[in-house]
Amino acid sequence: MFPFCFEWAWDMAHAIFFGGLWYAVGILGAGMTYVVIKSAYDTMNDSGDSHHH
Amino acid sequence: MDSALIPEGVKRTSFPKFFLGMAVVGAVVLWGLIAVVLIWWKGLNQTNMNDYYGFALWIWADLAVIAVGGGAFFTGLLKYIFKVDELKNIINFAVIIGVICYSSALFILAIDVGQPLRSWFIFWHANVHSMLTEVAFCLSCYFAVLVIEFIPNVLENRQLNKVSFFHHLAHNMHGVMAVFAATGAFLSFFHQGSLGGVAGVMYGRPFAFREGLLIWPWTFFLFTWSAAAFGPCFTLLVTKITEAVTGKKLVSDKTVHLLAKISGWMITTYIIAKIIDTIYWATVTVPASGFTFSHFFSNNAFYGYWILFAEIVLCGVVPGLLLIYKPTRENSNLRLLAIILGVIGVCLNRWVMVLQVMAVPVMSFDTWALYIPSWQEVATTILPVAYGIMFIALAYRYLPVFPQEKELNYPAQPVVEGE
Amino acid sequence: MKQENKKEHKFGMVIDLDKCTGCGSCMVSCMAENNVPFKEDESNKKDSITWMRVYKLTNGKDFPETEVVYMPRPCQHCSGKGGHGHSPCVSVCPATATDYGKDTGIVSQIYTRCFGCRYCMGACPYHARYFNWWDPKWPEGMENYLSPNVSPRMRGVVEKCSFCYHRYQLAREKAYLEEREEIEEMEYQTACTTACPAGAIVFGDLNNPEHEVTKIVKPDDHPDPRNPDVVGKSRNPKVFRLLERLGTNTKVYYLSEREWVRKAGDNYTEGEWETIKNHHGKTQISHG
Amino acid sequence: MSAIENKSENRSTENAGEGVSEDTRDDKGLGLGVIFFLVAFVVCFLSGTFLFPKLLYSKKEQPFNFDHALHTSEAGDCEACHYYREDGTYSGNPKLASCLDCHSEEPLGETEDEAIFVEEYVVKGKEIPWLVYSRQPDCVFFSHAAHTIKAKMDCVECHGHIGESTVSRPYEENRLTGYSRDIWGKNIFGIKKNSWDRMKMDDCAECHKERTGHQGYCFQCHK
Amino acid sequence: MKVDRRSFLGLGIGAVAGIAVSPVGIKLTDDSSILTQTTKLWPWALDHPPLDGAIVYENSVCSLCPGGCGISVRKIDDRPVKIEGLADYPINDGGACLHGMSGLQYLYDPARIKKPMIKKGDSFEEISWEDAISLVAGKLSDVRKSGSPEKLACITDKEHGSVSGLLQHLLKAFGSPNFYTMPNLESYLETVAQQIHGNGKTLSFDLENSDFVLSFGAGIIEGWGSPVACFKANATRKQRHAKLYQVEARLSNTAANANKWIPAVPGTEADLALAMCAVILNENLFNSAATANMYAGFSKFVSVVQTEYAPAKIAKITGIKEDDIIQIAREFATAKMPVAVFGKGKGDGAQSLKEMAAVHALNCLVGNVNKKGGVFVQDKAQYLEFPAVKMDGIASKGAAKARTGQYIGQMLDAVNASAEPVVEALIVYNANPCYSLHDTRRVKQAMSKIPFVVSISSFLDETAMEADIILPCHTFLERFEDVPSSGGFSKTVVGLTKPVVNPIFDTKNAGDCIIEIGKALDQAVAANFEWENYEDCLQAVTSSIWDSLSEEGYAVVSDTIPSGSPGVDVSFLAQNPATVQAQGDFNLTLIPVDNIRLLSGAIAASAFAIKTVSDTVLTKKETVVEINPLTVKGLKDKDLATLTTPMGSANVRVHLNEGIRPGVIGMVEGLGHTFDNKYVSNKGVNVNDLIGQVLEPGTGLDAAFGIKAKISRA
């Protein structure tokens, strides 16, 4: 799973598999981080103003 | 009692009645959990699996719930990437069904392994050449995507949404949902496919083995395709059931017809591919290793030719045609028939690709192996169904799942608070 | 590099089915050697762990033309399509709990790594892999006979024949001490081989032309022209492998004078056997 | 803040069963929250790092103290006691019989340890239950011959300088797994400075890869 | 300061974050997986994995069966971990059978007797060795004092060997002629040799060299004779291109491995053999030099055979075609080194003297006696030199009395028949008559009628359960013993069993038990037991070969072809004795089937051996019987059926199998044990419960080859 794992090898198979995997995980992580930070920012900026949709 | 939590402008059944219903389903869940405890405590000897049937009911259930849960990824793909806006009316529910299916699948895997405390080895010590590794990674990542897709819906709960942060979070998540949906579609493609690959790569098992493209056997693509094709059938079926139980119309006919039409075309194209695959397999792959087609079907009633007919014609070609032909598609009875057949069809396909694979003898002197699951297996397989019912009931009661519910059921009526 | 290759072994076995009496010595020797547990009811052979299993084959003819042959079946230690080490079970293991030792040709199984998904069992057409459905339990005191050279297994993991790899390890330790590079043929023999009272099992290095097993099998290292996945086909017309046509490339060979026995080793469509039966590895050995 | 304010306002109009804290008008709450966060973080991190290992490992004393340095000076090198058997297997810790090659019921020294040795073991003919710091799990096959004879490695590379020690440090046993702490590593983060600081599979693989070009196949080290 | 929700939130998140950044998570995850790798989690909780140590090999001899194979016991320090065949041992040369290799399971067998036990009511209580020996001695003294010392009887597995010798020594000194052995191949060989070649002779077969083996049901690879030696002979047979023809109603492993399977109707083997004799005589294929040696009843034999056993007539009885009979007889007679072998199955079941003699007549006719690849007629191996027994008056009187019966079956019948106890005390060693003899109810009844039964046994088996006192003895891994090789092997080899492990329980060598009993009896008897202990005795009585025994681990007593051609007396056959018929009048015949993976004698199969048994022999707790699909219409494979014989009925599973003669039901021997070992007992039925004893007229041998039976769906 990680380069320091016993099974890890710097070969094509690992590059493709984990390349794809970490890419996907990265997008999800980055996306969520962005959304959470933005929401926190938005929350700070609209204090007192609460409406639903 | 819980009226404050119920979405605005809709009616829900009384709490005691709801509670009673939940208790009944809860009892089934409890039964399943007892079986789970037994299996974890005493081991897999609580099942009727054996060395011939290393993969049995659970793996079928796993593959089946993932296949029918494919509606989530496919609907998401259509809604967020291909911008089929009409589907916004059903996307929430598709995601909820997806979450149920995928959490069930992960749960089944957790009881299915012999050493649950070590199951993280599949990630940590991953063998990237194994289809199962691909399944495990993509499955868990895609489950994360589903949860992400579900969170905004949860946050739209009347009380939660009052929290400003949650309100913004839901809003912002909607904003970038296309990115998540795209990632989900990518992951889903691979894990649906690799589940097909699980069987297809077993070149020691001529019933399952398929040639393919690069490292992926044809079953890889067929599984993805069939999940996309039949998944929406299941979404529609569960919608129909929910409508029947609640006595309300929850999704407009227009949306239903659209999804049914898409599903119909997907099924039809899939089944053509499946028929080609079967013919190629029967005439080229199988004889090359010395088998005849009849070897795999003729021995016993359990796996007779009927199962092939049922899977491909009855539950494949028929629903496909019913759903692409407008008059039959828009006839609610025939449509219901088609989606039921479709769901059975994809489940049968998964059944065959797991259990028949194990049953067919390969060595010339070996014998057919049949198996009957133990009650523990049955209980744990029913558990996700009961859990799914509870999940849907809770979601339906407390979350604004169906955007059309108000307009379809309470036209021009003043909004009444829950009783 | 060439030096490296020279040291590669390919341990294999040939079992003379005409000599085999079906006595079961190999099974018990294996169980005793490898700490295989036993339970109260072992009559359900589908959940009974016997790394070495003796199958009984019949020619399917009516009385009194009936004939029977016994076929001992250890793990076949497949070298996979084209002999590259992608045996059916190894490539599917998600947690790398089994691998193909390119230095020995032996398929390993690491119990402490295995988490019991059983994919390998599904992938193996020989049913050579067994799952520990139960906790291994020995009657009081009997655990005293367990050998330290083979780990006892816990429930929930898969196990299988290892070609008594620990015996290879012990032989090598001795060779190290005596500062020898190589071990002798007889220094490493599996427990089933040494136990067989009929001498039906011959074990050795298929890469070593001096070894008896190689002399009997005469493996053809060139791909079978009819099926490029198949390598190591025997040039001996009496020798066959189980399910050879699938391209698993097993390293356990079988020997029989009887044609029906040889035919039972694989599947053939109608009439196919007649055209295939005399086809053996015939490619010339190329020197270079 | 607004969220909470909204909440409490709503609370007054609806009797929702949501657990909202009694006091919500404390604007310094966040600051306090941060302090609590930091304190909890530091406490938990430190206890996870320093207290946790103490709880996880039990310390066991050896049957009696063994002075390696003294013995090597008296008996010669390591091989005097830790030798190869004729079949190439490694003897590991010597049996009582080996000790009796030099020792007898007459104490050789005046230490308390010598007294324990004689009274408890020599006289009673009992094997000494040494706790082996470097004992690998049962699933491991380790060939001493392959390492010290074939690969000509030095004992110290794996065992450290135990041969020069004069006291037997306590044996630390993992309460969960029963394994010696020396396997997972002294350092709870698994950081190692010397080749002998940690003996996990990755450490074997690292050395194998370095010296043989291949980290090895499973059966090379597993049984 | 007010502690509010945010504080708690901060606290919680901080704690979680702190723990997350610390090594706790990764360490516990890792340790939990390692926990599942260690034995700690297993319910049977080995404190430690199997201990490592120095690998040592110790050689000994297996005495589980009469085979007498050399074994090499691998030990880790003092702990035996594996038994293997001993290379270069004259009998088995490295090979071993599955029972020998399971030997360590007997050492720790749950059914082992850990201390001497005495029966109190229906259960046993532990007593001390001193009490046990003095109690036995007291009871035996009473028998002797009563003036009828012959009322002490003894049952053991074999006649040969020093422990059996000690028992005979004890009986003689005591004054009883009633020494019995269980049916065994060795005694059958002697009976046949005695009948045909005269007293003191025995037979053996040179299977290793013969080029044509005609076996009348002898399970050459089913455990007949010295099993591993036979396996080896069979394996080399293939290389020598020697033939094996197997006469047997069922396609046994031997039949399957043979060049020809001759599925004669069970019980007609004697007829078939005599018909072949007729062919050989008719066609002048006999060896005239050999027939010249036939001094008694030869001409009568010739006329009986030619008139009564004409192949055409016998073909109808045996179900073997006339042409085949003639053809096989010709092949046999014209082979270079033919040998005809008798002793159905493992050779230790019921046998008919007529059948054995008829088969041996074939050997005598073709003149392969005392020739390479033939049959050897030699003197019984006498390597034991027991001191002459000093008998007092009581002893002389008792010993001179007639035996209670010729064979064990008759003795038990006599016990059952008489209202008065004809046997007052019985010592059973290394025999399980309550399990192994036909009609076990009859045996148990006799046991219960005998006032005092002493069992010298390692296991609480069916017979030990019937005993009044049990003296637990060492297993073969804990004791010294001389093991003469079995009959049927062309060489006579005596092996020395040596203790390879200290006794696990409070047991003694059976020899020591007997010596101690002897010493504890009155002076007249005790005077005959002056050895210090069994080891001392063993050394003394084997002094002629002791050097070789103790140094090599074995001694070859004879390994050459006996010289001369012994006289042949065929008068027994010339009287045309009646062929034994199966008891009952059902349509089918139930025959016992010997399976190499099971044991039916004194020792039960081990857990390992049971594990190897096919599911077409044992399914769950049911014996599976073999039936030809033509035998009973309507029975399907795996059906549950009721099998009924005149002796009773049992529920069995059916295995439809083309490899058995129609009309015959094959049921395996060695199942249906009832003692306390869940891995071995309460599985299937004991075939001996269903088969009754049939005494052969004139010989008194139990010759029940089977029994009439019916079977129907349960």
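Labels A, B, C, D and E are assigned to the chains in the order they are written; within every chain, residues are numbered from 1.
Rule of thumb we're sticking to: a residue touches a chain if its C-beta (ideal position, glycine included) is under 8 Å from a C-beta of that chain, and two chains touch if they have at least 3 such contacts.
Since this is a predicted model, take the numbers as computed values, not measurements.
Path length between chain B and chain C in the chain contact graph, taken as the least number of steps between touching chains: 1.
Looking at chain B and chain D, the chains that touch each of them are A, C, E. Distance from chain A peaks, on a Cα-centroid basis, for E.
Innermost chain of the displayed assembly, by C-alpha centre distance to the whole-protein C-alpha centre, is C. Looking at which of C-D and A-D shares more C-beta pairs in contact, the answer is the pair C-D. When every chain is reduced to the mean of its CA atoms, the largest separation from chain B belongs to E.
Between chain A and chain B, the centres computed from C-alpha atoms are 26 Å apart.
One finds 73 Å separating the Cα centroids of chain A and chain E. Taking each chain's centre as the average of its CA atoms, chain A and chain C sit 47 Å apart. Centroids built from CA atoms put chain E at 55 Å from chain D. Contact of a single residue of chain A with at least two other chains is seen at positions 6-7, 43, 46-47, 50. Residue positions of chain E with contacts to 2 or more other chains are 32, 35-37, 39, 49-50, 52, 55. Within chain D, residues 2-3, 6, 87, 89, 137-139 each touch two or more of the remaining chains. Residues 84, 86-90, 137-139, 141, 143, 145-146, 149-150, 217-220, 222-223 of chain D touch chain C in their complex. Looking at the complex, you find that chain E touches chain C at residues 36-37, 39, 41-44, 46, 49-53, 55, 74, 76, 79-85, 92, 94-98, 101-102, 104-105, 107-110, 221, 227-228, 231-232, 234-235, 238, 251, 253, 256-257, 261, 263, 504, 596-597, 607-616, 618-621, 628, 630, 658-662, 678-679, 683. Taken in their complex, chain C has these residues touching chain E: 16, 18-19, 21-25, 27-29, 31-33, 35, 38-45, 48, 50, 54, 56, 58, 61-64, 66-70, 111-112, 135-148, 151-152, 154-156, 170, 191, 194-200.
For chain C in complex with chain D, the residues that touch the partner chain are 97-104, 106, 108, 110-113, 149-152, 162, 165-166, 169-170, 172-179.
Against chain E, the residues of chain D that register as touching in their complex are 20-21, 23-24, 26, 29-30, 32-49, 52, 56, 85, 87, 89, 91-92, 137-139, 174, 176-179, 184, 188-190.
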